[in-house]
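As structure tokens, the structure follows; a few thoughts come after it.
Lettered A, B, C and D in written order, each chain numbered from 1.
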Amino acid sequence: MTATATSSPAAEASAPTQLTMAGALNAALRDAMAADDRVIVYGEDVGPLGGVFRVTDGLQAEFGDHRIWDSPLAESGIIGTAVGMAMYGMRPVVEMQFDAFSYPAFEQMVSHVAKMRNRTKGRVTLPMVVRIPCAGAIGGVEHHSDSSESYWASTPGLTVVMPSNPADAYSMLREAIESDDPVVFMEPKSRYWSKAPLALPVTTAPMDRAEVVREGTDVTLIGYGPTVRTALEAADAAAAEGLSIEVVDLRSLSPFDDATVSASVRKTSRAAVIHEAAQFGGYGAEVAARVTERNFHHLAAPVLRIAGFDIPFPSPKLEEYHLPTADRVLAALDTWEWDA
Amino acid sequence: MSLNVEHASVRTLPSEKPLRLLDNAGHAVTGAATGGFGLPNTETLLELYRKMVVARRFDVQVTALTKQGRLATYPSAYGQEACEIGATAALTAQDWLFPTYRDSIALLTRGIEPADILQSFRGDWHNGYDQNAHRTAAQATPLATQALHAVGLSHAARLRHDSIVALTFLGDGATSEGDAHEAFNFAAVWQTPTVFVVQNNQFAISVPLERQTRAATLADKAVGYGMPGYHVDGNDIAAMYAVTSAAVERARSGGGPTLIEGVTYRIEAHTNSDDPTRYRAARDVEHWKRRDPIERLEKFLVSEGALTEAMRTEITDAAEALAARTRDVMTTEAELDPLELFDHVYGRERAALVEQRAALEAEIAAGAFASHEGAAR
Amino acid sequence: MSLNVEHASVRTLPSEKPLRLLDNAGHAVTGAATGGFGLPNTETLLELYRKMVVARRFDVQVTALTKQGRLATYPSAYGQEACEIGATAALTAQDWLFPTYRDSIALLTRGIEPADILQSFRGDWHNGYDQNAHRTAAQATPLATQALHAVGLSHAARLRHDSIVALTFLGDGATSEGDAHEAFNFAAVWQTPTVFVVQNNQFAISVPLERQTRAATLADKAVGYGMPGYHVDGNDIAAMYAVTSAAVERARSGGGPTLIEGVTYRIEAHTNSDDPTRYRAARDVEHWKRRDPIERLEKFLVSEGALTEAMRTEITDAAEALAARTRDVMTTEAELDPLELFDHVYGRERAALVEQRAALEAEIAAGAFASHEGAAR
Amino acid sequence: MTATATSSPAAEASAPTQLTMAGALNAALRDAMAADDRVIVYGEDVGPLGGVFRVTDGLQAEFGDHRIWDSPLAESGIIGTAVGMAMYGMRPVVEMQFDAFSYPAFEQMVSHVAKMRNRTKGRVTLPMVVRIPCAGAIGGVEHHSDSSESYWASTPGLTVVMPSNPADAYSMLREAIESDDPVVFMEPKSRYWSKAPLALPVTTAPMDRAEVVREGTDVTLIGYGPTVRTALEAADAAAAEGLSIEVVDLRSLSPFDDATVSASVRKTSRAAVIHEAAQFGGYGAEVAARVTERNFHHLAAPVLRIAGFDIPFPSPKLEEYHLPTADRVLAALDTWEWDA
């Protein structure tokens, strides 16, 4: 009953070239499909079109329509059939076109994808990846800029990761596909076109680890996905004013890498978390709560949250007012009693 | 009124060949192919013709403005005028329309101003017209979700003995969503005055119909809900109008819902950000261009001697005037107030939002946003 | 294999009168009413009879144990034996079954031990049998969700040229859910080897069929997906077995999915916590008791001289033995290890769960739980 | 187009009788239906059966099946049609049978119920109530004991309340039905049979207010729904040991009553929040984060979260290990550095 893997020789490392995050994800899918024929890809428009963000560009031509194909337009159907495929031993990688269009699949995600291993005492595992282009800042019209991460991250049984750069995008997607646990793989849309020089295949830190992407001594800024760049910009600007900011890229939202984050916070004694989603009940609440629980007596100030307002995501012309910026981050840090 | 339903359920398969009243050459069809529907009168057809011409001009204008970067996105209905307008024109002003992003020209037909229709596509606000005044819901993006709203609203009206009807548009792709099924089923079980118009334009973005369904026609789905289904030539506005009008009348008189499939074609890309060369051949588009719904009706009206040159000129002028008005509003920037972001989330004031609003106001006053230098109110 | 589908789609309405091979008096039916299906051979019918008798005894036993408080809940399939077993027996051991909470006797038919079936209803763990060994998915509670799993698994098998079939049960109520629609549609578009068996037992908890659908038959839904649909007397196991076997064979040979509706009746309450006197008349239940699926086949087998007294005794003994075994396991408390709560959430160890597990372990060791005095491991 | 209300004379206050929470909710629905014929009720099994928890018992016999009826079995259908009914001017009160069975309606809830007022600039409002019997501790089998509150509370545009006692159940449900904003009304199943002497109609504090239900000086325990009782039990037990615990019943999860909670925390300088849902990303994260943000320099210790483990809800025989108890609360308080 279980599908068996064919393996092809490991891809040779290529010379570094400039690659976008979309390109890195495309390469990761291609390499994963070449390495293991249990890896199959489907969703809306992933075939001839190559996905609305071109992440699956060229893959159907290369692997054929029994490895990657367009499904009917129904997200619960996509996730529900992927559960069955994974039960058989395939490794489906399915795409939800935008965060908000994953909501029809919510029941399959929460009641089955998240719970299958548990309810069957580990007898049935679901090696599947749900790719979700996420968040805003691309001028998307209504329903195209949601940040759904806290829905998934707060659901026990799901693993939720979000890369912030092309190298992680490649490495983490390969790792997610190889994982025996289902992974919600969130891709920040506004970073799809960000570039980095890459020699593939690249292996970065394990996907359940946070990474210190800039060292500093005064403040720890915690970001993920699109807000890592915001944090780095804030750190640059602050440096000019003599404030040394350490930036942590969470990479994994569930599990949370307490060790890395707490080590940083204990060093700086001040922390803030940045995300696009509304502040109330957003992922930053968990970050602030657990960082405080674990490091209270090391903290000189409350953990701040710089996040979207508690409103539905705005229309394109108003999103700039909603999204956290480096300026807003720096202004927030100013609210701390720095002499306390 | 009791909600108890009688047991009769409709169990007739729609005709496999689409119903048609005018053929592609603009000749009136007779016999079985009409499904017993009669041609609307000339006055009505002239009015439908005018609406299509104006809508086409509007659609072309908006597509052009979108290419110039004046709109964030625009899903064109070029080629679908007969479906959009034939169905919409079958409603009275008291009835409700539940449209999708695709159906801007149906909104135009409802008398909504271009500036108000396009607010959302320009990116000013999610929806820009008065839903209640026009009895037209906000254009829905999450597919098939609005069909349930149509069922609910029309059922509420029925409970109130208010004899209005709700009509909703769905795409071929949207019929695959669970919500389409639930809407069909609730409507049929409750016998609500709802008309479902599936615009089968052959594609869901890039995905062709045969990857969406194996049914012989999308109208066949009606059988599974015990409601009448009609498979209609969606480029024949006479047929679309006649079949929808009958469905609206049946609904209004307590006869329950109807599913109508209009077979048509999306001539333009899905939206401006789409690249249809990746998934369909130019010659398929050409084939469908030769089945243009406006030309078809025009041929008929001309052959009947109903459409005079003077009328044509008058209609073209009206269309051009609308296009000009559309250009004008789209080239003037709207005054947007970012603080309004906080005003319509809840009816009841929330302390947290008051705080956040004040914070944004202070940022704007401090000049944080280039576009708002000193413009804070 | 290419996923390209040919355009032929099935467009035949199921018979409005349920297909039947044996009438309620146990007489073989002939002519059109059989839908062209032939009676299974006597050996098969005897085996089906045995399975039904054993299953009925099991079901009655479990209901009794539930009333004694030995189980948290139990959804009985009393009266649905022909559907449950006729359909399940059409599968080979290589095929997969995707059951619901209602289908415990189908699990029994697959050879799963009472103790393992009942673990979930007793409240020990969510599911208690080896899904892979028995090729039987965990019993699904969220309605219609498992139908998609069946479609996915069987499609995966097809991609691997593995000629197995997946069969899933759905209730009449579950057909209203979006997931049922999406499963039917995916199966039809992909032409997966899936058999959908809708057990129309007339009720969804308290809600009768006529509030669930207006379709003439639930099998009519098949038309909207272009797949074959069969409307079957669900208390006639000969018909259920014959129709399902044919569907399984068609699926196995690449002919795609089938929708089968078995018309039956839920004789017991929805579960032990339900009170059916609130929503249905005792005489309706009596009416259906007189259409008992086991008696029907028994009459036939007896009239054919196929069922001897010795066989009856042997079957009754087997049933009683199973009932006794069921009582035994249900009156012995299972050893539960609360620390296992943390063991199957993820494959990869998580620091937070290790911490939480240690905390619970310490609590148990400290005697926080009466049921675990000193029993921490 | 808008349905107009009929009003009947205000119900006379009755003499106090013992009423369960289920009974109080039933009375609230009855009184609301009698007072305003725009109030309609539907869902699964709410008609002749009176709901699986009997909250709608007798209402169909009293008001007829055009005011309260059984819908087809489809949750997205229930919520989606209620949106349309509310657009017409009705005041639908719909039931999701259990938390986990609201998930099929997630898209309608998040993309429409929550956003309608905002997307239409306030032109279309949705006066609807979604009743959700919630949480565990009733020995429910799989999928019958979820705690879904953080999914809803973290969604801007929704109002989310949860009563903990019969009087609030009555008063808050009446207020929810009268609200022009959509309200997610969560009913803790394990409290359905809890009793209190009530003279109806009863009006308690506005539903957006938290309440101090027991005064104390040393610690603030924050609970909602089923955990208010847990907090009170812990307070009782602690009193015996000389620890004075103040208990706050949140009542409203969205909005959060910062004023009441912060006042309590500033008095006690220590706080803990209790809920059944998994800790990670649970509602307690928001409570801890915002209490800390607003009162950091008044806090002597980190805000603690006593919550379910980060696992899917267990089977009936194991739920007692998962659910927070008074003992577990007290043990958690012991982890604070009390002399700090």
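Assume a residue touches a chain if its C-beta (ideal position, glycine included) is under 8 Å from a C-beta of that chain, and two chains touch if they have at least 3 such contacts.
Molecules present, by chain and UniProt name: A, D = 3-methyl-2-oxobutanoate dehydrogenase (2-methylpropanoyl-transferring).
All of these numbers come straight from a predicted model, not from anything done at the bench.
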{"item": "Farthest-lying chain, centroid of Cα atoms versus that of chain D", "value": "B"}
{"item": "Between the pairs B-D and C-D, the one where more C-beta pairs touch", "value": "B-D"}
{"item": "Centre distance in Å when chain A and chain D are each reduced to the mean of their C-alpha atoms", "value": "32"}
{"item": "For chain B paired with chain D, centre-to-centre distance based on mean C-alpha positions, whole Å", "value": "39"}
{"item": "Centre-to-centre distance between chain B and chain A (centres being mean Cα positions), rounded to whole Å", "value": "36"}
{"item": "Junction residues of chain C, two or more chains touched", "value": "125-127, 142, 176-179, 182, 185, 189, 211-213, 345, 350, 352"}
{"item": "Junction residues of chain D - those touching two or more other chains", "value": "69, 71-72, 74, 76-77, 100, 103-104, 107, 111, 115, 118-119, 142-143, 156-157, 256, 280, 309-312"}
{"item": "Footprint of chain A on chain C - complex, ascending", "value": "1-4, 94, 125-127, 130-132, 135, 137-138, 142, 145, 147-157, 159-160, 162, 164, 166, 178-179, 182-183, 185-186, 189, 340, 343-348, 350-352"}
{"item": "Touching residues on chain D, where the partner in the complex is chain C", "value": "44-45, 47-50, 52, 69-77, 100-101, 103-104, 139-144, 280, 309-312, 314-318, 320-322, 325, 327-328, 331"}
{"item": "Chain A - residues contacting chain C, complex", "value": "1, 3, 40, 64-66, 69, 71-72, 74, 76-77, 79-90, 92, 104, 107-108, 111-112, 115-125, 156-157, 159, 179-181, 208, 255-256, 258-259"}
{"item": "Complex contacts: residues of chain A adjacent to chain D", "value": "76, 100, 103-104, 106-107, 110-111, 114-115, 118-119, 142-143, 150-151, 153-157, 254, 256, 278, 280-286, 288-290, 292-293, 296-297, 299, 301-305, 310-312, 337, 340"}
{"item": "Partner chain C, residues of chain B touching it in the complex", "value": "5, 7, 9, 11, 13, 16, 176-182, 185, 188-189, 191, 210-216, 220-227"}
